[in-house]
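You will see chain A twice below: alongside chain B first, and alongside chain C after that.
Then we have the complex of A and B:
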């Protein structure tokens, strides 16, 4: 029997505020046009703060929206079935299937009303399995223009990184002209720069918040982080996001100082590499019965968050904003902005090559003082899963225990919940962790 | 030996062909994944470029490297490397295109001893005017890496020769394809596939000689079979020759194709420019697009439709490698496009091995339907 360790616990003070901010972002999409805002679709990694150059806007990042739908099977299943009835395959991106399904059904998840009509799609390519194709389907269906920036530069691959940064910066510049043309609005460089400064800062803040979970006990659990993450994912160009994230960071620091835990019987610390199966978040609460706290997932540390890895020291520290980095220029015009964004993206851990990423996984494991990694073989996302076996082998070689299960982050029909729990319980037993009984 | 038999011989003994070539010329062999890899540059370096293909055998060696929903072609190709069948390769390369093949390359890089492993960072925003200048830079880096590896400088003359040979190869194969427009084509779809796959495995100069010979034979060649229903094959990678052969026993002939072991691989030529690398870059950016790198249904769709009409097809077999997302995106659009143009379609999903009997039944039913329509 596992012996309980009792920490103090209490709900997050900023929890309600976070929920309101999150919902506000999604609701804005339905009223955005009435308020004179531009509605834009893209993927979550897009530096959408740049859109502020066109005036007020609402940006819908397809992935978090797809995740929200996926977490609600009674909505998700009919949406995916509708998508499949259009002839699209069931093994494609899970987020996309939920997104497109609700679009085809004309049911916007957060209101149940009509699906928003975008003014255009503008996105980074981000996912080689098909995010531009996803937006291409929306573009055809809604009759809206689209532009994508191919920005996945992979720092450590062969060849000249500088030429790639120029290529990416050039596409951003071209896209500004393109946006002016399709919206018939003049692009204000100053407003775009200001919003991108917020964007960079908020990413760094979210990264810093993730790093705070290196403390024992962990001040916040992964499920709560998933709930608050949309603020950094959808609104990181806004001052209100800064206010919230600073408040959250300060509250977590306070919890650390006062040993206030997310999970009062924290006993065993686990982390992930990928998003969770969104329809099965209860797995995290269930495992709390074993004293297991999930302290973070790599993917959301570097997607909507940013940190700096010190590879030679095996450490990770909060990121600084680009303009404060040695050798980086102050942004004064759109050319500076595009170049800064391109360089920032190129050097962002989001773009790390697989071999570098393996080092980052180990650094995070140590930083989070974790005991094991939980790995998801995700049928709903090829790029996130292609090298998972390789990652597992590498982690095991470093003496890091891993438990792997197959499922789908956005299709509840692809998850054997009982099977996953059995597997996890067996894994934990192997680690000497048992269900806690009073 | 007839030309077609020589292609078949190369296919059957592809590894031996490469080993013999290596011994005979005392030069290196480089494997490539995905048809966006610039064979002209590899050939100009004095190396023999060979496409890495699977073997369509049941295997489990990739199970610790690639998870089961990676496309069968990528897993099968990696399996060949893990089994040591490509142990004669001096190098391997791929151009950045699809995540599945990327998985093959990454694992090859880490787990299969091959002296040179080079990843060409292919820009994937092909419609952007920024793509070509970058690809030229990427090719320059590739040239430098090859020069360092082989110890041989790649001159403009080398590039000219390689461009010319591959352009001739493309022209000649297109001429062969023209014969397929005939009411009773003198060459089957199986044989054409063997010809194109052989072009990806052989020394292009040697392949050209065989093509010239074939083009002399074709006007006099008469097949002891009726063409039957005229079919087109459209889809992702396809080198399952046994399947096509089986299909063509069912009163049909594949008269045209659109895949990367067929027309999509060779259709576009390099247009000469003073800067040879720029000319090659333009070819790969403007070539018949694969959905893995192009977010543009229309360019591919229009070309496919034109092929279907020009070759007077009566039905189209749309197929995909299982789990191939980029093609899965295009399929609904393609099907609608064909439907709008009154061209019937059959969709099949391929794995490393296929359910032969079931596929045969489905094709028979499709052909019966088409034959009824013809009456």
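Then we have the complex of A and C:
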């Protein structure tokens, strides 16, 4: 086979640091109580920096934990079988099934030891399909209190935005009182504000890092981004996350300046809208043999990251933190904090209407200088599959090639790996892309 | 220039030899449990038919599900690319190709040069493929040719709604117990396959002419059902099961 090396490459300097920070976040959960920290469960989109008002804490976003389990079939399959044996449905959220399975088995994935017992669950209801049910099951199983902030209303394009912000801010305020009651701790507004400032800044940093992959060659591949993402997903309220993300951003800028590529044979650039099947990450390495580099996925640009879309110009730029945006107040107390968080959520691309998302997909495609989108019909997540055919039709209408496959992001039993690879090879062949290395 | 295309399918291996852009041999054998042995045998038979030695073949391209396991092939290409090229050679006016093989069905949109514009394939489903016809013929205790023949004599529509081959077989058994005529059940089986395949093919732009290729294209009852579901004329080339191998041979010569 001919090997065409176009660019020089090297591993990321901050790779090991990133891996340690990621593991530390998960391991902290088992020793958190001994260190006097409170353990809280919620969705990844929860503004968990607010919990700093109660003191030191460890927050577990169930989604990245579920994804980690799903990526390891010998652990994932028994976990899902245990979940199913308890009578829960197989068509529910894939992350939830892996999470609950390991909880029922009392095997925490990252240590193999007992599953952590949370102090409470506190979350935004960003996934209507299963997350409230997920946390309700944990709440009942572990006997812990649960509070959900209903911010689904943000997704509506009808009615008054101001009324929606007030409605959600009010719930955050109520939840602070609730947290003080269930933990018997006093909520420190200043500490919560500081942690949320870190949270906003780190989220914008992760967005900026994603945007750097608009360069040719791409300085980082999607698989490496997935490995480092838990830092921005689980620790974005911490200064150490800022230090790491700034170092990563600067390293990527340096790679761009020196034309250091993630994939030395980069010939064809692809991006995704959603997460991949976590047990099938090898697909990215396999496609590198065709000179394909995956430069990003929309969902993690706006979930654990934030960017600003300039719709009229068809552009995307890094986000600024809320307090530096024109017309936004400085946060001085919990009322300011709750209102800022509610408004920030309301205006975040995460809440974009599906029609707006279509525009964002095209903007990102152009920004990433991609050649095609890879789309997943995900049997493990209803919200992330909703409208996928509509999105495909819309992208195709605009001349953007797409390849779509069926699978499950969190259930390895639900994907035909050979069939998917064959489908992708067929798609690439149609695009004039052939295998260049073995 | 002499080239060969070998299509290593789930059920059969097909070889086509092309000399100076003309087809000079076709050969086919069951894939079996020793595909390589079967591939060698089919190549030998095709070479013999063409009146040449295998060493006279300048280039061999493999396609089909087992295309990567043919060590004597110079290169391998996907079935979609091979089908588009082969169909374009036989039926240049065709723009939409439907290939129904033993285990897989696919729809292909191609341009005037036989280049793939778009494609759709079935996912983990045998209810829209040839293996389903064989399994249903066993349930009806008839051969496949008999099943095709009686299907044309059907007078009543019978429903098979399941989208899974296993459940569809249960439905066929239920129809047998409901005293539905064999002809009507046979027709329902063909109709069900055509319905599933057409629903998949509609994911790509359907432009006339439409061709049906692959082994199942020899089944006239399916061809009739495909015409009904797509609402357009469906043409079938000669030796439709060899179209993929032909495309591979032509691409090897390109």
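Quick note on the criterion: the second predicted complex is superposed on the first by the 428 of 438 C-alpha atoms of A that agree within 3 Å, B and C clash if a C-alpha of one lies under 4 Å from a C-alpha of the other, contacts with A are read in each partner's own complex, and residues count from 1 in each chain.
Simple rule for what comes next: a contact is a pair of C-beta atoms (placed from the backbone, for glycine too) under 8 Å apart; a residue touches a chain by one contact, two chains touch by 3 or more.
Owing to the predicted nature of the structure, the values given are computational and were not obtained by experimental measurement.
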Of the two partners chain B and chain C, more of chain A gets touched by chain B
### Message
Quick check on the superposed pair: does A:385 touch chain B, chain C, both, or neither? Answer first, second, both or neither.
### Response
first
First, second, both or neither for A:167, with chain B first and chain C second
first
*Contacts of A:125 with chain B and chain C, given as first, second, both or neither*: first
Query = Between chain B (first) and chain C (second), which, if any, makes contact with A:87: first, second, both or neither?
reply = first
**Asked** Taking the superposition as given, does A:405 touch the first partner, chain B, the second, chain C, both, or neither?
**Response** second
- Query: Given the touch rule stated above, what does A:254 touch, chain B (first), chain C (second), both, or neither?
  - Reply: neither
Which superposed partner A:423 touches (first chain B, second chain C, both, neither): second
The shared contact residues of chain A with chain B and chain C are 406
As the complex stands, chain A meets chain C at residues 405-406, 416, 419, 422-423, 425-427, 429-430
In their shared complex, chain B is touched by residues of chain A numbered 86-89, 91-93, 125, 128-130, 132-133, 135-137, 140, 146, 148-150, 152-154, 157-160, 163-164, 166-167, 170-171, 174, 354-355, 377, 379, 382-383, 385-390, 393, 406
Residue positions on chain C within touch of chain A in the complex are 65, 77-81, 115-119, 121, 123-124
Listed in rising order, chain B residues that touch chain A in their complex are 63-67, 69-70, 96-100, 102-103, 106-107, 110, 118-121, 123-125, 128-131, 133-134, 137-138, 141-142, 145, 291-292, 295-297, 322-323, 325-326, 328-329, 331-332, 335
